[in-house]
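There are structures below to look over.
Next come two complexes, and both contain chain A; in the first it sits with chain B, in the second with chain C.
Take a look at the complex of A and B:
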């Protein structure tokens, strides 16, 4: 299926879903006026992709520096969906990146991972090239 | 895309619960009531979540706008500060040029006097020589003529000499005023030892009149600075005490005290027990050409040189004080390690 690539804007993250290689990533900030314009395309693409994965290996990177509440809710939904897919056999590995001095993003990562049972969840501190 | 719904899962759950309720129409009233209450409060909770997400989205958007604005203002303020700094730099530059102009004008004026005197003496001597030559060639020269010529020659040559010397000395001082940072050597030295050496080299001037010098300097202060500049500053202070401070016949005292008010700063206080500087002159003594001995050896450059050396290469500041007990005191504060020359 076709890859999904959306450039970042001031209020929305860069989306790079390389379905062919099973490498997905979201990077940047997310506080859109309307969550559905940003997460609508992401979810429909992810939905169709997950329907085809079987027991493939999939890597998803989250490298976010700031997001609002509806984005947080959308992320939780996404994690739920991924956890379901993992329960059904897909080998899913989520990596949550945060800047070493950003405790907030680190805690968000920890919170989000609490309800996940089937995906592998990694928290990694990285210096961003600011 | 239009059917994207953040609370999709919750709504599905609600629908399923609703179906469950229908399917349990035959259950005991207590169970049906309980289930209805549960569904109701879950629905309310989901609505509340939606509301909360909306409210906090709005707040976060505001926050982002404010942050953005803040960043813009900060950049603007930084830009303004940069502009201000460069404006200040060009002002300082302009100021330097203006003071250099004033200095050059002053020097020209100062040098004009001795050079003018030397010139008129020289032409007077030339005229007298011409006259005596004529008499000599006419073989008409008398002893009186020769005596008069000799007297003129003695007077004019000594005036020419002293005035040329004066002009040369002025030029030397002027060269010192234009202190060149790179030409003087910056190195490590022991402050107290260096002060003692400098004072010792001035000893002959001091001892003649019997003045006493005391130096109170805590040992072990190593400077990385311009020793030459420092000794020039001290020499100017000492010469001024001798020339302006002490009354003829007075046995004066000079005290030099060094202390460290801050870790990397050195404060040197120079004080004499001379007649002091009158209030109305205190604001002008660092100006070029301010002197109370014009015409009798003062050019008024000494303290100006001091000021330039202290604020320039030595990177500090200098001020004058009038101690209550009389005399004059200069306070020089300089960093222990000066900035390395920026060229």
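Take a look at the complex of A and C:
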């Protein structure tokens, strides 16, 4: 299927879903008033992709520096869908990047990972976080 | 007279430690611009990175609550609606404070009061657990976001949030909330 590439805007993250290589990433900030306008197209592409993956290996990177509460709900929803796909056999590796001095983003990574049972979830502190 | 009047108005704001105060129609564009100015101002003053993030987050959630819930609106909901309200940010006693205010319908007041009183009684761990619980819930009916915005605000606050309602008419209240960081 076609890759999904969306440039970052002032209030939405850069989306780079390379479905061909199973390498997906979300980068930047997300605080639209209505999260569904930003996450709607991301979800529909992800759904279509996950329906085809079988037991493939998929890497998905989150390099976010700030998001609002409605984006947090959308992200939780995304993690639950990824976990379902992993339960069905896909080998999904999620990496959550955060700046070493950013306790908020670290805590969000920990919160999100707590419920996930089937994906591999890594929290990584990097100096160069966007 | 003109300069005297507005100088006195400005002095009054300055004496209250106000960095900026916005009153009027709030939009996503205004939110973005005020937010950018706020972050720049705090960065210039070498504010701790964690504090900048907390203040910014509370500002965004408060401004988006005004956009969503203010009962003082013009235009129609689908296309070009504008919501009126007020956001004030300042410092007092070495802390940042963020105040938001907007008109709410009297029928919505009891529910909002109940939610805020519930959050006021919670400690940090309870707020965190409540946030995680709400993260998994579907958004409530009639809410374009979710009550999770209020929980996010309470989570970033250094003290329990303060709020108040002042009756305007049988149908409306002036609602105000203050958060310290």
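Everything that follows uses one rule, which is that the second predicted complex is superposed on the first by the 128 of 130 C-alpha atoms of A that agree within 3 Å, B and C clash if a C-alpha of one lies under 4 Å from a C-alpha of the other, contacts with A are read in each partner's own complex, and residues count from 1 in each chain.
Simple rule for what comes next: contacts are C-beta pairs under 8 Å (C-beta built on N, C-alpha and C of every residue); 3 or more make two chains touch, one makes a residue touch a chain.
Note that the coordinates shown come from a computational prediction; the quantities given were computed from them, not determined experimentally.
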{"item": "Clash or fit (per the criteria above) of chain B with chain C on chain A", "value": "clash"}
{"item": "Which superposed partner A:11 touches (first chain B, second chain C, both, neither)", "value": "both"}
{"item": "Chain B versus chain C as contact partner of A:40, first or second or both or neither", "value": "first"}
{"item": "Touching partner for A:74 - first (chain B), second (chain C), both, neither", "value": "first"}
{"item": "Touched partner set for A:1, first chain B, second chain C, both or neither", "value": "neither"}
{"item": "Partner chain(s) touched by A:111 [first = chain B, second = chain C, both, neither]", "value": "second"}
{"item": "Stretch in clash, chain C with chain B, out of 78-86, 132-140 or 168-176", "value": "132-140"}
{"item": "Overlap of chain C and chain B interfaces on chain A (superposed complexes)", "value": "11, 31, 33, 35, 66, 68-70, 73"}
{"item": "Residues of chain A defined as touching chain C within the complex", "value": "10-11, 31-35, 66, 68-70, 72-73, 76, 99, 101-104, 111, 114-115"}
{"item": "Touching residues (chain side chain A, partner chain B) in the complex", "value": "11, 31, 33, 35-37, 39-41, 43-44, 66, 68-70, 73-74, 77, 80"}
{"item": "Residue ranges of chain B in contact with chain A within the complex", "value": "1-2, 4-9, 49, 52-54, 56-57, 60-61, 64"}
{"item": "Residue ranges of chain C touching chain A (in the complex, touch as defined)", "value": "28, 31-32, 49-50, 53-54, 56-57, 60-61, 64, 67-68, 131-132, 135-136, 139, 144-146, 148-149, 151-152"}
